[in-house]
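Below are two complexes that have chain A in common, paired first with chain B and then with chain C.
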Partner chain A sequence: MKNAIEVKNLTKIYDGFKLNNISFEIPEGSVVGFIGENGAGKSTTIKALLGLIPVEEGKVNVLGHLIGEEDDASWREQLGVVFDECSFPSELKVKDIARFMKHIYRTWDEKQFENYMQKFELPKGKKVKELSKGMKMKLSIAAALSHDSRLLVLDEATGGLDPVIRNEILDIFREYVEDEGHTVFLSSHITSDIEKIADYIMLLHKGELLFMESKDKLIYDYGLVKCTKEQADKIPSDIVVGREDGAYETTVLISDQGLFRTSGIMEEAMDGEAKPVIDRACIEDILLYIVKAQKEAI
Partner chain B sequence: MNIIISNSGDKPIYEQITGQIKNLIMSGQLKEGTPLPSMRTLAKELRISVITTKRAYEDLERDGFITTMVGKGSFVRAADTRLVREERLKEIEALLAKAVSVADSAGIEQSEVEEILHILYTDNE
Partner chain C sequence: MKGLLLKDLYALSGYRKQYAMVLGFMALWSVFMKSFSFLAVYAILLGGMLVVTLMTMDENTHFNRYALTMPISLKTMVKEKYAAFIICMVSGAALAFLVELLVMETPWSEGKVEWVMLAVMVTFFTVAYSIYFPIVYKFGVEKARYTYIVIMILMGAIVFGAVRLTGDEPIIIFAGLSAVLEALCLIGMLFVLDAAAIIVSYHVTLKVAKNKEW
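== the complex of A and B ==
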């Protein structure tokens, strides 16, 4: 199994922030979602792996190319990149974008771009600066998808887009990875989208990579236990990820539902007492509880 | 072939897929040699992760229901009556285990449970 991206010991230091020695691999053919709070370092990581910023330490390999030591940048045509800012010249009209894009990408597909412009309802005659934020994003995404690429990298590219268009974009990504040579790496605050589309999810918190896990494992093994304080105290600490003690119940995010169910705590409720329940933990819950636990550990 | 997945509920999606495909094969609706959609196409259509469909197909292959050939795809294997029987026995064991668990938690003896089983059988005749 080849990796589309390989990052080893990546460290980047800014004033007051440190991306701390992170390492990860993105397998070819997968969709990897990157989550974390604002300021966690997601954009820094993405810029570093694309070679857009210098780093203190680390080796990055993208599509088999060592970043920072490229003789020939033409392989970068295989990348489709979308940031949260539209990078097209503001004075250009939408319809003119295609005219210069075909000189940048040998594999520029005019028809494909036309299709996306229609699908996304982009006004051809308007200048980029006249477009709404949502339209700018759609334009950037349309362009990234209109040449033959092997890797799509998106950094908060869908914030501000309505659920209808976001779902269409997710379907486009699904079709994109139907080809096992295609990979998608996206960071997003819209955890529900990540939950829908990701094969693997990475969580970054204050420059530290807390985990990279398969989505299925997160959805099925993790769980939110609602119980009494006393019952919560009995949960084996190695499966406790986070905890919230409320006035009427305690909620515990656990990392192993199976282990919890066999621990006997579920059956232990006293007469008349409410029984513990386990709810599915969604990605947002996992993010919130982990961040909370990190903050309390300090 | 229809595959209907529930996102709510406890049964993991790969298990739902495996169960449904097994049933389709055992009931004869999916005949021997029928090609299955590729793992990636199924993932796209059902809007789930390819890791999930891969797991489902691996389990189906392990249990002898399908065969996967690299580069060619996955195909239904003949519904081996032994396999079918094996599957049904597993189902029965799981259901009975549940009944035993309920009985235990209520302090109901094995003999009473067997009595119920006996009645169910004689009623069916």
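== the complex of A and C ==
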């Protein structure tokens, strides 16, 4: 399988922050959700991927092009990027965007852009500054998808949008990845969006890449065990990701439901004692427990 | 390059009414002042200001960061702004020349176009903006605004100082030439100075842009 993005030992240092030697590979044809709390380094990673910032160390390869060493920018015909805010000058009218973009992208598809304009009900005669936040985002997405883009990079592109618009946008991404050569790299705080669409989840915490895992594996393997403190103490420590002790109940995030079920803890519950219950852990639970455990470990 | 220039053109067209109004006001002011030199100078100044407006718009929306994700090299992106600057300055100078031509037959005119004066003003603003642009790329339009004022004051002080130093004595640079030839040589010299300022400024800006975090 080819990789759309390859990152090796990427390091970027700012005053008070270090993106610490991260490495990962994004397989072509996949949707990768990039999560982490504010200041974790998601935007820094994305900027490094796009060659927008110089880095201290590491190699970044995007669609077969080594970032930072290329003289020819033409490969970026295959790259579609949407940032957390609309990047078109606010004085431009919607119709002006197609007029100049067709001179920037050789592969600009005017008909495709027109279709998105209709689908998103974007008023052509309005200026960018007159559009709502949702409309601006749709405009940015329409522009990113109206040329021959094989890789779509989205940095918090759905943040601040209402659930209806977010859902519409996720549908567009689903349609986009129906083509096996298309890849989506999506950073978001809204883990429910990522859960809906991603094949893989990457978790970044304070500049460290904690994991990159298949979403299905995370959802099927991870679980929230609700039990007593005594039962929680018996759970093998190697599968305990995080734990929260309440007054009446302890909740433990475990990384291997199978191992937990065969550990005998379920059967050990004494007479009158409630048996541990395993709930599905959503991506948000996993993120919160991991980050909490990391904070406690420091 | 063409796409970026078109983007700037469309973005500026949103301000055409405001600029037309300002120019109209300046024209009226010139009638009252019985001197159109001010309007001519303002037309040239406006050329540079248009590019600063474009840079402000780009900065506010982080357009440059976005442009660098497009099939546009950093060099092209920087070059385009200088191309826009040249177009704006030439348009401003053409407008100033037109103003001078139009008022030539009025009682306030000396009956001739002040070619050298126009060329000096074009050079004044070209050099000032050439110093200003790398600072804008380094620190952003907002922070660079103060340096703009400083540059203008310093440049003005240099010109004023030079005029005071020479007093009423005419400055003879090309001795032995006729007035027309001397004017042409002076304009040519100023043109070379404009070109040099723009070229040096472009290379400095490019260096700044290469190390910038977008």
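FYI, the second predicted complex is superposed on the first by the 298 of 298 C-alpha atoms of A that agree within 3 Å, B and C clash if a C-alpha of one lies under 4 Å from a C-alpha of the other, contacts with A are read in each partner's own complex, and residues count from 1 in each chain.
Criterion: a residue touches a chain if its C-beta (ideal position, glycine included) is under 8 Å from a C-beta of that chain, and two chains touch if they have at least 3 such contacts.
Here the structure is a predicted model, which is why all the values come from computation and not from measurement.
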Putting chain B and chain C onto chain A via the overlay, clash or fit? fit
First (chain B), second (chain C), both or neither touched by A:Asp15: neither
Name the contact category of A:Glu69: first (chain B only), second (chain C only), both, or neither. neither
Who does A:Lys127 touch here: chain B (first), chain C (second), both, or neither? second
Residue contacts on chain A - larger count, chain B or chain C: C
Touching A:Asp162 in the superposition: chain B (first), chain C (second), both, neither? neither
Can A:Ser214 be said to touch chain B (first), chain C (second), both, or neither? first
With both complexes overlaid on chain A, does A:Glu267 touch chain B (first), chain C (second), both or neither? first
To make sure I follow: the centres are taken over C-alpha atoms, the vertex is chain A, the ends are chain B and chain C. What is that angle to the nearest 10 degrees? 150
Please indicate which partner A:Lys196 is in contact with in the superposed arrangement: first for chain B, second for chain C, both, or neither. first
Could you grab the smallest C-alpha gap between chain B and chain C in the overlay, to the nearest Å? 28
Interface residues, chain A side, partner chain C - complex: 47, 50-54, 71-77, 79, 81, 83, 85-93, 96, 99-106, 127-128, 153
Residues of chain C touching chain A in their complex? 2-4, 6-7, 10-12, 14-15, 57-58, 60-63, 65-66, 68-73, 76, 211, 213-214
Across the complex, what residues on chain B touch chain A? 8, 12-14, 40-41, 43-44, 47, 49-52, 55, 105
Chain B touches which residues of chain A in the complex? 29-31, 170-171, 174-175, 177-180, 196, 198-200, 214-216, 220, 267, 280
